[in-house]
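Some structures to go through are shown next.
The following pair of complexes shares a single chain, chain A, combined with chain B in the former and chain C in the latter.
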Partner chain A sequence: MIRCDELTKYFNGTRALENCSFEITGPTLTGVIGVNGAGKTTLFKSLAGFLKPTGGEAFVLDQPAFQNISVAQNVMLLEEGMRFYTSAGLKELMDSYNRFYQNFDLKLALGLLKYFNLNESSKYHSLSKGMSSTFRLILALSARAPITLLDEPTSGMDPGVRKDLYEIILKDYIKAPRIILISSHYLGEMEQILQDILFIHEGKVLKHGALEEFETLMIALQASPSVIRPLEELLTVYEAKDFGEGLRRIVVSKEDFEALPHSVSLKEQLALQGISPEESFVYLTRRKGGGIDELYNS
Partner chain B sequence: MKQLEGSEPIYVQLGDWLENEILSGRVKPEEKIYSQYKLSEIFGINPATALKGLNLLVEKGIVYKKRGLGMFVSADALKLLKKEHKNEVLTEQIRGLVAEARLLDVSKEELIDLLEKEMKNPTRQHIQEPPENKMTDETDRKEKITKTQINDTNINNSKRGEINNDPM
Partner chain C sequence: MNSIIHKESPMTIAFKQIKDKLYHNTNSFVYLIILHLIGYFFSFSTGMGFGSSGNSFEFIYRNFTPTTLYVLTILWMIMQGFTLAEEKSRQYYMVSNNFTAYFSDIAVLEIYALIGGTLTLFSGFLLQVFGTIFMENFVLHSLYGSMGTLNYLTLFLTGTLYFLIFGTAAYLVGILRVRYQTRFALGALAAAVVIILLSILSASILQRPIFIDVASLFRFYLEETRFFIWLIKVLLTIAALYGLSYVSIKNMEVNRS
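On to the complex of A and B.
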């Protein structure tokens, strides 16, 4: 169980998190999304007990997370800046994690190492960027910690390997259901393995819900400009684009669109198109103001 | 209302795929349908999403739960599905067809001719594509990992219709 109550964190006066609140009560595979600087990494570090909140609290298994040893043993945080003994080989690093994490699955860890052609005696620092990411993920999953936090687990990896790793994360979750949070820039690639999405924006939770709520967040309407223009007066438009003279496409909130009391005949003239969670996320976090086209055409 | 392709949530696409498995006879009435975990493996989707897809069919009475045994295709599933597809799927496809014909200046007579020609061909069957699975490439690696490390049930070798015993 994890819970954040109005969690707030400032670094030298700069906001990272501001009144961030959410709760996860049982095993789920949750994607944490947000633009750079939204507060994802600060959130993960707070849950792992590495950061003292400026305000509010992060609870793990009903205890405040900050510098709490029983929390530490139940939380595994994967991050790019993980530090390892420089002189130890990969197998030795695994052994030390095996000693700390009660449920560590050493057999799985060694199997995955072999699968990814990583040498047990290699030094972590000699690995390529992609390989060290792979190693960190192997370690993080094998720890089988009740709360597993994966901060950008696939950074620096080839698309083919990323696909493999998302599949491994899903299989591992099915084998050992637990709270797993994954942040990634590649929402489109990982969304299908997720159950829930936690959407962080400007230090706050903008939306926390099941994958399908994000799959039906927005909708594109396409028709001749004479049909579309009047709708633009009624709805918040996230994007508008003309395709030649006869066709205009706008992106709007699905909920707003469905709440419109307009006639069936109008709906008949519209072509509807779903918007993926990744696209919706881009529209919601995009800077307000004119679109790219406006910028280049002025 | 027209609906363009690929815009449905994963669980809805999965529901469509399951309906097609039943309609095409690959899973028969009173047989056990793929479990939540089997579907999760087949498509590389979260088990919760897979369950939501199955529940779409439960709500329609196409699939029913047997306590401790899993989910089964109901006896009148085909009847229900055919009725539903006639009402919804066919109507929608015909709407698209007519719109396209208008665009191409195809006359009513020509369109009916085309329809009749198509209907005379008894063997052709429309088989729906499964929901997009971004993870089924590299089957070799997948097989390897499935066999050796993660899970002992190997989906790639299992027969169609053969199902896990996970009680739901």
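On to the complex of A and C.
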């Protein structure tokens, strides 16, 4: 259904995506995770057919996505910058989307509008930031497009509403299974609903897999510095911290750690601690060198 | 997968877009009506004469020409051309590609031109109605009274086609501006500088300045007395503008930022 082959996109010489490859073949709720500027929005716009790849190709429904009308009628892209007719009320905008998206569920849309206390006759531009995000999400979910791309769907929303909306996304997905891609900086608040994660960093796909794979991505090792120091020389350390004189903690890749030949005594001396996908994501995308500590201690 | 995959033809989508654009742009027609009312006001002012007849004044509308209405409708068409070209980003979120966007934009411009032409056609009658309501002893210019069906048809055809030319030209400029953004402004500035420099060089070296005679461009259409030749000229101009607009919008990326 969705396939990116070495997808590369540059904007006036600035890289947004570089040899980005992945494939999603069936209905899934996939989280697209990456820091600001990782290339999430560019990826979504390429899949929606807005942007022409500089290299490689983005395929949707086995067809190149760029300016393809067959793709456009089966893809719904939600993003913060999307525009609407300024003179139209929310109901009129829904009617327009209903005309274009064949699967659009107007009853659901009106129900959600009522649930979130949005007035049918209000103008989109008169809504607050959080309310306009809610309205966009109502449209995107009600469109029931086979491929639904939600770029930062909860930006500007209160935490309570965010939780509510993630629940609605999950319910909607269960009711109408389809490919839903949700991008966010914060994995923590949506990992409850995700099946897969597409992890993008500096325009490249770092990892694409089931959420469980991310739960076992990294591990924290804790022991006395004399036990930890030799390991630091053998492994890539994502974070190291001393807890007083006698305790040191390092975060390493679980796969790398397990590949090391361990003696039984070493294992007994180490305290192992799991790292959540959210934390793993922070460690993997952290700026290398010139950390905050270095800045303040110089 | 519960979500059904749909495949409607580009033309079906384009027709939906035409309806949608007309529905959401009803304000444009309000602007046109306001502009025409302003046009009528100026037509009255320019052609109004008065004299005393007993105790009452007599208003005679002597010299009505639809020029003011033409100019205002052309301005309105230019405005619509720019609007359609530059405020189109929203339609790509709602099923579109460049072809359907172009096709529906051109169709909407044609509908606008037809409406502009029709309003201009009825300007004489409307003027008479307004004159009768607001003035005593209102008389429309005899020239208007002697117009036959063919004259009205010519007025309608010339109006509609000229409006379409201006609207499409504005649309083309708008598309180029959207597509090339700052490069368009820089290109236009560079072209102006080159023309001025060439003119200066030509005047100083060849002792023969280059004139860009805009008036001759208008004369090319306005002074053509043979109807079919005029029609061919106008239709070819429109076709060229359509073609250039399509080439400009083809493969255009949208909503980059």
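Following the convention adopted for this analysis, the second predicted complex is superposed on the first by the 293 of 298 C-alpha atoms of A that agree within 3 Å, B and C clash if a C-alpha of one lies under 4 Å from a C-alpha of the other, contacts with A are read in each partner's own complex, and residues count from 1 in each chain.
Definition applied: a residue touches a chain if its C-beta (ideal position, glycine included) is under 8 Å from a C-beta of that chain, and two chains touch if they have at least 3 such contacts.
Bear in mind the structure is a predicted one, so any value in this text is a computation, not a measurement.
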| item | value |
| --- | --- |
| Partner chain(s) touched by A:26 [first = chain B, second = chain C, both, neither] | second |
| First, second, both or neither for A:68, with chain B first and chain C second | second |
| Contacts of A:100 with chain B and chain C, given as first, second, both or neither | second |
| Residues of chain A contacting chain B in one complex and chain C in the other | 175 |
| Residue numbers on chain A that touch chain C, as the complex places them | 11, 26-27, 45, 48-52, 61, 67-70, 72-74, 77, 81-85, 87-88, 92, 96-97, 99-103, 144-146, 175-178 |
| Touching residues (chain side chain C, partner chain A) in the complex | 1-8, 10, 13, 16, 19-20, 23-24, 27, 87, 89-90, 92-100, 251, 253-257 |
| Residues of chain A touching chain B in the complex | 28-29, 108, 111-112, 115, 160, 163-164, 166-168, 170-172, 174-175, 189, 192-195, 210-212, 215-216, 267-268, 270-275 |
| Residues on chain B engaged by chain A in the complex (per definition of touch) | 1-4, 6-11, 37, 40-41, 43-49, 52, 133-135, 137-138, 141-142, 144-146, 148-151 |
